[in-house]
């Protein structure tokens, strides 16, 4: 069984509220292990006055299908219960949750690997772009070579 | 900075409630990544009527210090924000959360590795023992060789 | 076809989306056609190694054929997560 | 010293904890002493590869010395998580 829940939203979310519901669903599906990853907006200590906001742009339509494909790929590689991917777009402030993935499986190794895989693919294959705003102006976050390199672990 | 929170308790817990508080703490500590693992009681489909309960025995005194040592070891290996380990003892029923670990770090790789490490060490180095009760009787869960082998990944 | 731009590609070209009538055979042909139009396009497309392309909402390559394609998007490498 | 038993070791020996006066030099000497007492001990300690030992609440080995030790615990391999 694989129940894939993909959410792309402007609204803020509480990772704990999502995890409570996800854990109940995972338990009912017979899972013994749940792994959850949450990404948070980090402040920029170097910049004058820090990060005033982060704005995330995405590609409506493609975003949902890209996340769905990544989740389906994970479900073919590992024996998974439910899978959740949530990613925000729009304006965020430091310390806010940006996104979350949750995976469930009978055993912990599959749940850990699947969550790690989802994050690596989401980083480089889902159409999101981050822009950071400080007192000095706005800058698009550059992709890291290490993010692209991370995908080679899964080939 | 490393804030280690160790809890060994009889009482049930909601992983989501813990994750909400942990995420707030992690965000305030400047973390960009939070990884959370939850272990759940799985039913035994093979047994007549399934699993009626699981009872977890532990070694009061040693349990807390073993978990503290494992968390401190993780904090020396990776650059971590707060770390949480919670493990229940006593009687549990299928689908209930048994335990949870949460880690936070600036970047996702450290948070994932630390959570994976905590789980591997907790499995084989923290003094907990599980007993499964079915209509046919009670059986102590046997340790798996694979759990001991998993530790070699970290040497 | 519809041509979409995201992030700094959108900002350099100055619009998020436009309708383009073109007989370009491949993505690369379309890039050359647009670059020849105006400087803002030439500037946005000056370093293709810094760009990614999606054809009908699937990640693709610059040598992908455009026959039957309805939507094409240009953007920098993704930075989600 | 206090000797503690957990899980099936506790069940075989029939008690969770006892006070033992012993001049055993090592954990292994203590195991031999206890095994010589009664069958239930001999049975519990019959396969030492299936047992773990903690000395003063630290995982240890069967050849660990007992001088100054206050608490020793015998139990099967752990199965938490």
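Should a chain be cited, it is by its letter among A, B, C and D, assigned in written order, with residues numbered from 1 in that chain.
As a working rule, contacts are C-beta pairs under 8 Å (C-beta built on N, C-alpha and C of every residue); 3 or more make two chains touch, one makes a residue touch a chain.
Nothing here was measured: the structure is a model prediction, and the numbers come from that model.
K.L.:
Chains touching chain B and chain C alike, please list them.
P.N.:
Touches both chain B and chain C: A.
K.L.:
Based on which chains touch which, give the shortest step count from chain B to chain D.
P.N.:
Step count on the best path from chain B to chain D: 1.
K.L.:
Averaging over Cα atoms per chain, report the distance between chain C and chain D in Å.
P.N.:
Those two chain centres are 72 Å apart.
K.L.:
Distance-wise, how many Å sit between the C-alpha centres of chain A and chain B, to the nearest whole number?
P.N.:
One centre to the other, that is 23 Å.
K.L.:
Any idea how many Å lie between the Cα centroids of chain A and chain C?
P.N.:
Here the centre of chain C sits 26 Å away from the centre of chain A.
K.L.:
Cα centroid separation between chain A and chain D, in whole Å?
P.N.:
Result: the chain centres lie 48 Å from each other.
K.L.:
Out of chain B, which residues touch more than one other chain, so two or more?
P.N.:
39, 108, 119
K.L.:
Using the touch definition from the top, which residues of chain C touch two or more other chains?
P.N.:
Within chain C, the residues that touch at least two other chains are 81.
K.L.:
Please list each pair of chains that are touching.
P.N.:
Chain pairs that touch: A-B, A-C, B-D.
K.L.:
Under the stated contact criterion, what part of chain D meets chain B in this complex?
P.N.:
Touching chain B from chain D are residues 4, 6-8, 10, 54, 57-59, 73, 75-81.
K.L.:
Inside the complex, what are the residues of chain A that reach chain B?
P.N.:
Answer in residue numbers: 14-21, 23-24, 26-28, 30-43, 45, 94-97, 106, 108, 111-112, 115-116, 119.
K.L.:
Considering only the defined contacts, which chain A positions touch chain C in the complex?
P.N.:
39, 56-59, 61-62, 65-66, 87, 98-99, 119, 122-131, 140-143, 147-148
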